[in-house]
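Order of writing sets the chain letters: A, B, C and D. Residues in each chain are counted from 1.
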């Protein structure tokens, strides 16, 4: 029966799981920690600290770099220059913003719920950090690589909305509350589309582990190997992730012109910067995940068995190659999301809901069924090349 | 018969007593005086049910500078400069309105050159005002880039006007009896250059906003104002024309040299925000047409026909003159008692009357629609409050 | 009110007892604060067009100074650019807005109205004569309305003030408010004297003389 | 219809309407306060006039005569003509029936006049101050308004 040849069932066989990737598997930070734990607690602690510090550094650096890029990109979209004065071409601008926010007074609203108010930004940034842990940058440069990675992503990304809801609720401000309620409705709705879009790739690759999803794209990225199905899924993913990120055209929770500041109206100083950081780090995370699922993660551009072409693509040394390919794909996606932001106006709440429940969701399900058909019949490009 | 005088507090308390269904709570929200999309310091007290606007009570006076009282202690020449600060986006037209009233009262006949130049500047300023409105509308609907495009083109026009007038915003160019200064020798050529520059830009505007699906979704069938309501609520200018009433002082009671030029008055059909948007964008094209026709035919002559005298006295009586600014009819009501200061000077400001269309337009609609509808009214708050 | 042309009055006071490390630290914080002035979107009238819209526009581009992140919420704003007349009814709201802003907060008063009441001083029953009657003002930018360049001068003056003024250990210790954008060598007395002279002059102008004076030096003036 | 004909035609409408004696640059008539709504209704509804829009409502404080003059400025889209309708009310007890049932915009125009002149509009649905705070004392555009805050221009 030809069903055996599909990756979905092939994955069920534990023996073939490890054999499939051509490259040798590099252990992630958490795996190293687990290995070190057998020899003593200090080795494990060392790796845990490395992982934590790395994630924290990555979050703060991402916040700085992304906000700088965003302001520069916005500037050039709008026929102006953007930050210019702080450092050459203003590269220290976000550093100055960061230090300023760090030393700015943090105000707590008098009648608000203080505990929740303080907790909300922490929730928000925690969700981002947890998500960052699973982002595969290059073989081994990944904090955790769990076997249920995709489920983990779907679960953890829901925490972010919790932070926003808490922030809006505890601010004792009607605009904040409106923003938070909008955020809740919007993010929970769009999470469905997001997950459905990812499920298409899970079906194709037959695994929930993100590193294996990348390995399954050795023959070519899913976005073009999966015919139109993957492209539709990719578009769904982009739209849904823009909504998840609360960026224009889905920036209703913040909606400056409507709700002054939305859920973070009452936040100042460091707490506001947490929301700010989470937003920009999330931008990276969602682009990185799109890269992972649809664009082959750290893998170079390969076409099936065309050895010559593939070798040209592999020309970079193996240490730089994954970082280069991951970086370039991720940057392109981030730029695309910024392009959206500086072009589109905002949707209205009812239009937003209509788009999700009446357009994206039916499309997503239809696409999912189509994807299942494609997988079962092995219609996609190079189905048996692995 | 006793007359009851109420206060805002009583009104709100009265209204909050009546609640709808038992499981929802209606609440009041202050929008403004400091709110990014009230274009200044308009305050709207909104009664909301969720996101639906049940009542919208505009509260004015946050920029009531008592211009009418000050004018009673000023001579007619000085009154002109205060009008710059009312509707600062159509300052030349405001100047002209006062100048026209004084000229008609004092029996001063201005020459053709003055009339031509006044008309050209009024039309240029109409374009300028609409450019800013276009950008701000985009910003209110969540697209930030149109705002900067609008400002960019506004600056180009500003340069042209600044060369002659010397000011960027409060022009104070038109005086009773003529103009402040003659046009710059370069003026004609630079305006021609501007027209050549701006025509393609108008198409770019269409690409960016007019043809955008989201903008159309946000504006169509939102804030519908029937022709009857518009007339009853005293709307004039593009608001009235958007509702399908082809009333334009430039056509119906021509002043300046509008009777010698060929132009069309764009009129909407439905009366929704989209029609008002379209009317204004089309007005920019018509203004370009008017300027083009006049530019080559400016007759020679003096730019002042009457001695500038701050002690100018008007004969006793009531004088009313009105003209079409970028927002509607500006009326100037002068009551003179043979002194050099007006006994009473009243401005019929277009925004004041247009504002009241807001509540019938958006009752029962979403907050987001309120923002769009308010933006399509193109309010300038200092003109409302005076 | 001191008059500042280019250099601010007085040198930077070294805080007694502060060692090099702490002073350096202060400098870094002040550098950050000076370079990250997020304005509040607050404009009451005409000046708002010039101060918040034209300065943010492509021609002038406030973003170059890192000041384009206009926050609609006062909690996140550092800089209150007062653009436009403040009237009695707005005054308590302005005070509230100022108090809602998180420390450190700075205020630039732009335009004649916010400095003194401008053209609305006399016979007005509502106009507040100067925003500094309500909130402390750091920098005054005169003009009606000031040009965007003038605002930038004010902004740079404020940056200078921040870099040399208040420290994290002594919050609230600031320089005296300054008037920005006066050319070098011109004092307030000169301007007042000149204005008096102008006011004393007869208010009647001979039209033919005026026309001759206002004619453009070259060109035919017939518009063709 | 030119100015004089219009003025004469409006005066024929009712015996209580008479032309304005002072100089005005368009057709102007004076009516009694009590008869105002009825006359405005006829002016609005009769096809001969069809003054559909109330452009403006102005009050003038004639302190020497002890009167407020309330000017209603009407416009007809159909015939494209303007009309001033003036009502004189005593300064001590300024009362006039509201016309906001006829012209909804009058609701706010009348509030403005109430705010600045203290003219009371009978049967007005929502008579509040418009520009000034609810607890403001006095009516600032009256000629005899005094205020500690106001400054006189130095001469």
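For the reader, a short list of remarks on this structure follows.
The rule we apply is simple: a contact is a pair of C-beta atoms (placed from the backbone, for glycine too) under 8 Å apart; a residue touches a chain by one contact, two chains touch by 3 or more.
What you see is a predicted model, and the numbers here were worked out from it, not measured in a lab.
For the interfaces B-D and B-C, the C-beta contact count is higher for B-C. Seen from the Cα centre of chain A, the chain whose own Cα centre is farthest off is D. Centrality annotation: B (chain centre taken as mean Cα position, compared with the mean over all protein Cα atoms). Centroids built from CA atoms put chain D at 24 Å from chain B. Chain centres here are Cα averages; for chain B and chain C they lie 28 Å apart.
Our note on geometry: chain A versus chain C, Cα centroid distance of 43 Å, whole angstroms. Touching two or more other chains at once are residues 35-36, 61, 64, 66, 69, 73, 148, 152 of chain B.
Multi-chain contact residues of chain A, defined as those touching 2 or more other chains: 78-80, 256-257, 260. Residue positions 57-58, 72, 89, 122-126 of chain C each touch two or more of the other chains. In terms of inter-chain touching, the protein chains here follow a pattern that is not a line, ring, star or complete graph. Here chain B touches chain A in the complex through residues 27, 29, 35-37, 51, 138-145, 148-149, 152, 208-209, 212, 214-215, 217-218, 366-369, 371, going by the rule given at the top.
For chain C in complex with chain A, the residues that touch the partner chain are 28-29, 31-33, 35-36, 57-58, 61, 63-66, 68-69, 71-73, 75-76, 78, 100, 102-104, 168.
Contact residues of chain B toward chain D in the complex are 1, 3-9, 11, 60-61, 64, 66, 68-69, 73, 104-105, 231-234, 245, 247, 252-253, 315-320, 322, 329, 331, 333, 335, 343-344, 346, 348, 352-353, 356, 385. Partner chain B is touched in their complex by these residues of chain D: 22-26, 28, 52-56, 58, 60-61, 71, 73, 77, 80, 82, 84, 95, 103-105, 107-109, 112, 114, 116, 120-124, 126-135, 140-141, 153. Remark: chain A residues 71, 75, 78-86, 90, 92-93, 95-101, 103-107, 256-257, 260-261, 264-269, 272 touch chain C in the complex.
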